[in-house]
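Take a look at the following structure, please.
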Amino acid sequence: MENRKPVVELQNVKKSFDDKTILKNINLTIYNGEFLTLLGPSGCGKTTTLRIIAGFESADSGNVIINGERVNDIPPNKRGVHTVFQSYALFPHMTVYNNVAFGLKMHKVPKNEIKSRVTEVLRIVKLENFADRKPHQLSGGQQQRVALARALVNKPLVLLLDEPLSALDASLRKGMQKELKQLQRALGITFILVTHDQEEALSMSDRVVVMNEGVIEQTGTPKNVYEEPNSVFVAGFIGDINILNGEVLGLGDGGISARVEGRLCAIKTKKSLKIGDRFKLLLRPEDMRIEKLSENPETDGLMIGNVVLKTYKGATLDTLIRLQNGTQIKASEFFDEEYEDFDYNMDEKVSIGWVSGWEVVLPDEGA
Amino acid sequence: MKERNLFQIVTIGIIAIWLVIFALIPNIMVFAVSFMERSEESFIKAAFTFENYRAFFSSMYFSIFAASFKMAFITTLICLVIGYPFAFILARSGSRFKSLLALFVIIPYWTSALIRTYAIKVILTTNGLINTFLIKAGVISEPLNMLYTQGAVVLGLVYTLLPFMILPLYAAIDKLDTRYIEASQDLGASRLQTLAYVIIPITVPGIVAGCLLVFLPSLGLFYIPDILGGAKNILIGNLIRDQFLNSRNWPFGAAASNILTIVMAFMLFAYYKSVRAINRRVL
Amino acid sequence: MLNKLLKRSYLGAVYLFLYAPLFLLIILSFNSSEFGTKWTGFTTDWYLKLFNNGTLMDAAVNSFLVAVSSATTATVIGTLAAVSIFRFRFFGRNFLMTMLYIVMMSPEIVMGISLLILFMTLNIPLGFQTLLIAHTTFSLPFVMIVLFTRLSDFDKSVIEAAKDLGADELKTFWYVILPSIAPAVVAGWLLSFTISMDDSIASFFTTGPGFEVLPLKIYSMVRLGIKPEVNALSAIIFVFCIILVVIAQFLLKERKK
């Protein structure tokens, strides 16, 4: 990834509105041809970041560089980036064709070239038969495609997408996710997508940038941020997580021995820790393993708790277990057809452990 | 079910009967009367004639109609030229006082147009504000004759009707999603192009509604020429009034009034067309 | 920065255009000079003269009576009808709405002469009753449009909840719908009252010689020339209207919260 050409760079970008700091100090390099997602809760600054790249907002300080050129003072209509707006912002008084042709007309592209390019892009988004419709005569998914076509027809260096799928219903959204990703692959254009939906971010992007309260928490591949979150926030925002408290008891080769929620165990980690350090142990529910106590009375290194809630999810069975010290742990297990008495009784006492090596250790923040 | 019907029948029934008796039937009567002949004893005589409409084209009346339409057209144009930038600046200002400022436009909308016309007279009159000021300033030595000119009538119409232009424009521009403007800029349009190809077309319903609310009264507000224009600069409204109250020629007055109704029908049609074109309404 | 200054001065100029003549009128109503705009001293004589003018006071009382009764009639009929139109679908609903819009849009002079023809044909003597009908008719669309705006925020399931809990149609209206639209009802009444007090064109055709109303009285005085008492009267009416309109607007704004 690193050897690719940077297409957008944000250097020390800061932004505040009315004394409220929105972006604290953003440094981000986006490479040519990648699908990058800005992910975070509402108010984290992801949309502001996008609007600064588009030129609708200007950074208070720092540099915005597109294609090697500082663009801080260049208006949006002169930047090589185009935006797909959250509510699409299709011009209501124009047909689909004229909406798509708008950018080309503004750039004084010859008429016959406009016609061929618009026709081509409408074919790509499968709307060639809708060219004469008005936006309000289209479904949400079709409007979304027009918005996409309207931006793509101008062959942007970078396409900015501001929560483009949030107005669609769940089933349509899944389909559009796939289409968007395929489109991006086929065209090779850099996509920067803003979303608060972690599933969308993970399934579509090459890289995910997790933002919170105006700072970038973590940047990495979807696998990377899911499996190796570098903060409790990232871990909690992307997927379900169990956060357990631990204390280092001894150091070993490539790991530590520790007390986690009152139980002794061995943990693999490369993090440098000292004896006596407190840490957080992060575990995904699907990494947890539950066993009936009756079958495995050996409880060393295992936590003991009672089943307090069972949720049947179709492919998985989600179980909530309360440990003796009150901590609650979520576990999610796939059904195993061959293992018949997979189910637990409510309030049954079970032991709970995890698949060794899948745990993530984070030194206590602020410690 | 029965009870619901009773409530519905009574409430809808009253308004429907009211509108039929006091709006629909009277208008049908005006339409019918416009094809009848005048009568000295009972105002109208049952007959069928196009004479009342033919009279429009007689030289005397035609020039009145032409002058009235001309003044209405100029008034509408001035209101639009003043009102659009005003509504635009107001609607798009991020000011904390925006709604208060809008209220100040609404207030004249509801206050007496008669009094507001009178206020203009006070300003334009021979020893009024403007003449006093200009003489004091040494610009002129003799007071200007501003009152009783066509200009005075147009000024009175603009003054009275400007809020009626601004309000629908304000509503239309206020509803205009900023994202349309951003999208237009994003696609490479300059500010002027954005105005011409995006902002104005999307606010067409507001423009049409404003023109409707200004143009139509400009033909009918007979007290404005009475107060500001003297006997020469009269509107269709003055003509209609005179036919009903002085000349007692109801059929001709009714025919003239149908002109206003036809203008209204055309403009309402244009409004609904423009609303349908972009699928939103402002009134 | 210059841009902003330019915009502000433009707004300022238009507001000045709209308000300066009215403020001038108010100032002149306290001017002791009978002619012209030259300031010769402060006086309240014109106001005193106004209140001692019997025919003018009679006209004011008449106007007030017509305004109160027509605003009330229009508000009662209009509120009930707006609620029903909002709630129910029925045959002719669109026709009714179209009629309302046309009544609102149609030039007042057309309404005036059409009602005059109706009253003459039915031999109804011109006076209070004909003014009441005319003013109620032009107020109805305003009341209803104010209410439609308010009702568009109204959650219809609340009505269903009331009925589910056993309220009949009238109780639902009285205890559930009315309290929630009350500010708009009052605002509608105030606006109707204002336009009735101010109306001159429709009144011109629908009142008789025995029943003079204020705007027509002002009209006849103003045609003759400028009189300081008219300044005083105009000032009173203007300030009165502003108060009513501001109250009405605040009542309508309230729903945003």
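Letters A, B and C mark the chains as written, and numbering starts fresh at 1 in each.
The rule we apply is simple: a contact is a pair of C-beta atoms (placed from the backbone, for glycine too) under 8 Å apart; a residue touches a chain by one contact, two chains touch by 3 or more.
Because the structure is a prediction, the values reported are computed rather than measured.
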Pieces of the assembly without chain B, by contact: A | C
| item | value |
| --- | --- |
| Relative to chain B, chain with the most remote C-alpha centre | A |
| Between chain B and chain A, distance of the C-alpha-averaged centres to the nearest whole Å | 56 |
| Interchain centroid distance [CA atoms averaged], chain B/chain C, Å | 17 |
| Residues on chain B engaged by chain A in the complex (per definition of touch) | 177, 179-180, 182-190, 193, 197-198, 201-202, 204, 277-280 |
| Complex contact set, residues of chain B against chain C | 3-4, 6-8, 10-12, 14-16, 18-19, 21-27, 29-30, 33, 43, 82, 85-86, 89-90, 93, 99, 101, 103-108, 110-123, 125, 127-129, 132, 159, 162-163, 212-213, 216-217, 219-223, 226-227, 237, 240-241, 244-245, 250, 253-254, 257, 260-261, 264, 268, 283 |
| Residues of chain A touching chain B in the complex | 54-56, 75-78, 81-83, 85-87, 89, 91-94, 102-103, 106-107, 134, 136, 150-151, 154 |
| Touching residues on chain C, where the partner in the complex is chain B | 7, 10-11, 14-15, 17-19, 21-22, 24-25, 28, 35-38, 77-78, 80-81, 83-85, 87-88, 90, 92, 96, 99-103, 105-111, 113-118, 120-121, 133-134, 136-137, 140, 168-170, 173, 191, 194-195, 197-198, 200-201, 204-205, 215, 218-219, 222-223, 226, 230-231, 234, 237-238, 241-242, 245-246, 249, 253 |
